[in-house]
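Before anything else, here is the set of structures, which you'll find just below.
You will see chain A twice below: alongside chain B first, and alongside chain C after that.
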Partner chain A sequence: MKGTKLKVTKSVEKTIVNFLEKGLDKKCFDIVLIPLKVPAGDSFAWVLVQDKSLLADANPLPPVMTVQGAKALSSVARKGKMSKRIAVVMRPCEIRAVIELSKSNQIDLENILLISIDCPGALPLKNYIENPKESENKFNEILRSAQNDKGTQNDIQWGNESTRPICQVCDKFTGTDIGACQSDLHIGILGVKDGNISLIPNSKKGEDILNEMSFPVEKLSNNWENKVKELVKVRKEKREKLQEELKPQIVGLDNLLETFSTCINCQNCQNVCPVCYCRQCYFESEKMKLTSDDYLMRAESKGGLVFPPDALLFHIGRMTHMSLSCIGCGACEDACPMSIKVAQIFSFVGDKSQEVFNYTPGKSIEDALPLKVFEEDEFHTVET
Partner chain B sequence: MEKEFTPKIVGFCCNWCTYAAADLAGTSKLKMPSSLAVIRVMCSSRIDPTLILRAFLRGADGVLLAGCHPGDCHYEKGNYYARRRFVLLKSVVETLGLDSERLQLSWIGASEGPRFQQVVTKFTEKIKKMGPNPMLEKISL
Partner chain C sequence: MRARALIYPAGDKMKEKIGVYVCECGPNIADNVDIDKVIEVISALPEVAVVERHKLMCSEDGKKFLKESIQKNELTRVVVAACSPKQHEATFMKVCESAGINPYLFQLTNIREQCAWIIADKAEATERTIRYIRAALRRVPYQNALEKKEIEAKPDVIVIGGGIAGLSASLLLACGDRKVYLIEKANTLGGKVKELDKLLPRMESSSNIISQKIKEVENNKDIEVYTNSEVTEVLGFLGNFVAKVKTNEDKELELKIGAVVVATGFGMLDIKQIPRYGYGKYDNVYTALEFEKMNTEGKILLKNGKSPKSIGIIHCVGREERGYCSGVCCTYCLKFANYIKSKLPNAKVFEFYQELSIPGKAYQKFYEDTKAKGVDFIRSQDIEITEQKGTLTVNYKAETQTLEPQNVDMIVLAPAIEPNSDADRIAEMLKISQGDGGFFQEEHPKLAPVSTSMEGIFIVGCAQGPRNIPESIVQAQAVAGKIFSSLIPGKKLEPEVKTSEIFEALCIGCQACLTVCTYGAIYFDEMKRVCVVNEVLCRGCGNCVGSCLSGAISTKHFTTIQLHQEVVEALR
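Up next is the complex of A and B:
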């Protein structure tokens, strides 16, 4: 792997922020989209930062995912090419969602520099809100464990049981091909025992930026790659295990109905999902509002009818729309007021349908969305 | 005596082929079960998987999506896209452990009255063996 080593000063976060300041100074980009601590001090918001002094409050790796980054970026960049060069710093799952959105013309990537960072996981939003200070300490401990790593097992706390369940089984927490994440520049912070982090260019844009900033691109030691691959392997096993445990809970009509029986149909999960991009959702449209006679008839034939109706139709319908692009970011589960395992269920179903189409969302801008293309001679097994 | 189970099948039929075939089967007086409720659509690609799901979750014993043979779509490519969407729908339904066998995709050309008769008869027989869709009874569906 080739890249640039950056000496860590103070902390990994500060080092990354310094790098961004330098990029702004050298006019390699004009503006930065990055999470900043909100004035109340107990949450994070995405901010388009033009004024460098604001970067003092920036945190490229906040302990929680408040708004999924791709959602923030698409509100900036969905109406076409940006007139300024913008650098965006995100978790790999956010970048993967950005790539998916660019394929449906919801983000124009032309003047955007995507920077991903190895992700230690995020804490459940609910836990964080209850006690921000304690959560931050907890998260710091997890994040810093990468730096204290002596190579013995359990040194690395990344994705430990304090992080969201979906993060604990995420096997794409990193950039480059290894994480199936097509950022322009990836920042590797795992496996760096010598007090450095690595800037790994992953596209022509990424290479150009390092050149413009006069960083030497040299061969990196294998530490990062080895550590990352080791953790990917562990996570893959964990993911399989979690899905095996999930199956008996959700598979089959009765299990499925029970799982979603607490759903209040608030549709938060859909609203926060970065890859659910339709401007008018079918499930919010008039098409879902039927006459009272329709409901009365159903109640009569079944003996009763639950309201609000059609919760399962909403969930399975959503899966048939977006599960090929589900990048398992966990935003839906964080947003669910009823603590339904939405992200675990959706990413389980997503994994399966992605397998059928041999498609990995976010991996490459070159891989067309499976529902936008076809081959004449394929999938004959579904024809009767 | 128990009443014999007559399946209720929703059939989304493309106007240009399958619907014409259904017409032909009718005017040729071909005998077939009366289980299929035909909904005429302009192309198989008009049918979003959600519409099939909606019929299925509401308790249809079977749902048939039928259009022109590949290569014959009136809009050239519609049925190729329809097939991919159907593959995704099947995969999701199967992963969730629901009866994906109740969902069927068939290509029936305009002149294929006998094929229409055969598809409807066979699908009806299959559903008869499976019994009624249990979703019909569920108060949360």
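Up next is the complex of A and C:
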């Protein structure tokens, strides 16, 4: 792996922010999209930062995912290309969602520099808002464990039980091909034994930026790659295990009905989903609203009908619409007031449906959305 | 069976007067569906105004009966339960129209192919028939009257490829009331025929025939010829295509035409791909076209300037590799033997063939005459050419037996005919498919041999498969006939009425629909950032509807509510 080493000063976060300041100074990019701590100090918001002094409050790796970054970027860059060069710092799952959105023309990637960072996981939003200060300390401990790594399995607390369940089984927490994440530049913070983090160019744009900022691109030690691959392996096993446990809860209509029986139809999951980009969700549209006689007929034939109706249909429908692009970021589960395992279920189904099309969302802008391509020779599994 | 009322969710749908007409289709339906029972159950439904049956609804008598009944009962909606819509939907739509009811307020329910013919048990077939009629009854109040439109049709034609097939088609088509644009990639017209010396079986001069055709084309004021030019884009459908042509001056021409004739001809297999023939490796091994050239130039000579004393002509080169017989090589190989015998009467000629294919009324005599001139015909396989000190050797087997190799001075190879190197690009551009061997696929090998799956796009000559000259000309004439009968100058065309529409308020501009539209009928409005359907190009296939996750697209006559009502009732 080739890249540039960056000496950690103060903290990993500060080092990354310094790098961005330098980029702004050298006019390698004109503006930065990054999470900033809100003035009240108890949350984070995406801010398009022009004024460099604002970066003092920036946190490239906040303990929580308040708004999925791709959603933020899509609102900036949906309507055509940016006239200024913008650097965007995000978690790998956010970058993968950005790639998916760009395939559906919801983000124009021209003039956008995507920077991903190794992700230690995020804390559940619910836990964080109960006690932000304590949560931050907890998150810091998890994050710093990468630097205290003495080489044993237990040193690294990334994705431990304090993080969201979906983060605990995330096998794509990193950039480059290893994380199936097509950022332009990846910041490796795992396997840091020498007090350096790695800037790894992952595209022509990424290479050009390092050149412009006069960073030497050289062969990096294998520490980062080894550590990342080791963790990916562990996570893959955990992921499989979790999915085995989930299976009995979601296979078959009865189990699904049971699992989603507590759903209150708030559709938060859909609202926060970065790859649900429709202007209006089909399942909220008039097409799904039937007349009273229709409902009476259904109640008559079934003996009873739950209202609001079609809660499960909404989830199954949403799943068929977005599971090929589901990047497993967990925003839906964070947003569910009823603590339904939405992200775990959706990413499980996503894994399976993506496998069928041999498609990994976010991996490459070159891989066309399966819905948009027709192959004569595909999908034999559904043939009888 | 309980007569259960259908519930029409919107109250005013009850106001419709619906008539149901059950066709017995002679014994086809009546034998396996209890029509009395069907009539009994359907009549009991409160929303049905009239139920009638007829022995054969598509007969003149049946149509008259249907028309009169619609008028007498003042129906507003009509359901006919009969055969497949493929067969008689258009027939009954016309009847509805003549009875003064919009044809799109009618629904044909297929109880023949989908019930009577496929369900063995009569009671079950009857039950299914009732179910399907109920589904149609539930759907039909939601159907909307659609208005037919008429559009001008362009009678003009673009012909791609100026070989014998393209020239022949152009000449026929340019009959005075339409313009023909002949686009040729090379710098001259004439194609491969121009490279031939003589034509079978009369051995008349090829150049005379082709140059006469070229002259006729060039002198025809209704044919515009563009050489060194390429068609780069074709959008549209029968009667309304827009083609872009890049001309030799690098200018882009936009042509509005009604039909496209693809006469892109063929290429020859590159024999270097099969090294055992020694082509490109040994001197004095020639391809058929190289040999034609040599003969045209007057002398059959070896590289060293001497006359060959013996020549081997090898048939079927690449037949196994390509997987088909090119059909024309055997006869031209006979012609080659005649070239040799007339120039070098004492030279020995060996024809190595796998299977001899010389059908047709004129060729048997030609074959026998050639044989009588002292030409050896050797049935052979696994041919391998070797060379030693300037002598070529044909090593071969007959059946399983290896025979004595044959030494010759010169070898002529007859390579397989392949699709033109442009075929893939053209297939993609025109959205026509490629079949066996990569040649353009005809719509039906027997019934529609010059049409393609795209209405208004035709294939002629070797673009469609290996063909000889008369066959290519026959195809050109067939295409002219197809075009004359479908694109009559001054006659208007009716475009598809059941087109798709995109609701701006729901479209987010992801352009998935645009990617899946085969007809180029959707474009992206940069200002509004939404997709828009070009109604003239849209054929109503519904691909876009399926691709739109937002549900912003709907195809007229197949709207969500119509399908929903139909399916709900079919499954009730």
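Simple rule for what comes next: the second predicted complex is superposed on the first by the 376 of 384 C-alpha atoms of A that agree within 3 Å, B and C clash if a C-alpha of one lies under 4 Å from a C-alpha of the other, contacts with A are read in each partner's own complex, and residues count from 1 in each chain.
Everything below uses one rule, namely that a residue touches a chain if its C-beta (ideal position, glycine included) is under 8 Å from a C-beta of that chain, and two chains touch if they have at least 3 such contacts.
It should be emphasised that the depicted structure is a prediction, and the values quoted were computed from it without experimental measurement.
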item	value
Fit or clash between chain C and chain B when superposed on chain A	clash
Touched partner set for A:371, first chain B, second chain C, both or neither	both
Chain B versus chain C as contact partner of A:195, first or second or both or neither	neither
Chain B versus chain C as contact partner of A:282, first or second or both or neither	both
Chain B versus chain C as contact partner of A:308, first or second or both or neither	neither
First (chain B), second (chain C), both or neither touched by A:252	first
Which superposed partner A:352 touches (first chain B, second chain C, both, neither)	first
Which superposed partner A:297 touches (first chain B, second chain C, both, neither)	second
Chain B versus chain C as contact partner of A:337, first or second or both or neither	neither
Superposed model, chain A: greater residue contact from chain B or chain C	B
First (chain B), second (chain C), both or neither touched by A:383	first
Residue range of chain C overlapping chain B upon superposition on chain A, of 5-13, 113-121, 293-301 or 419-427	113-121
Chain A residues contacted in one complex by chain B, in the other by chain C	282, 301, 321, 371, 374
Chain C partner contacts - residues on chain A that touch it in the complex	79, 104-106, 277-280, 282, 285, 287, 290-294, 296-297, 301, 321-322, 369, 371-374
Contacting residues of chain A [partner chain B, same complex]	250-253, 255-257, 261, 282, 298-299, 301-306, 310-313, 316-317, 319-321, 323-324, 348-349, 352-353, 356-357, 370-371, 374-376, 378-379, 382-384
Chain C residues touching chain A - in the complex, by the definition given at the top	7-10, 505-512, 515-516, 529, 547, 549-552, 560-561, 568, 572
Contact set on chain B toward chain A in their complex	48-50, 53-54, 57-58, 70-71, 77, 80-81, 83-93, 95-98, 104-107, 119, 123, 134-141
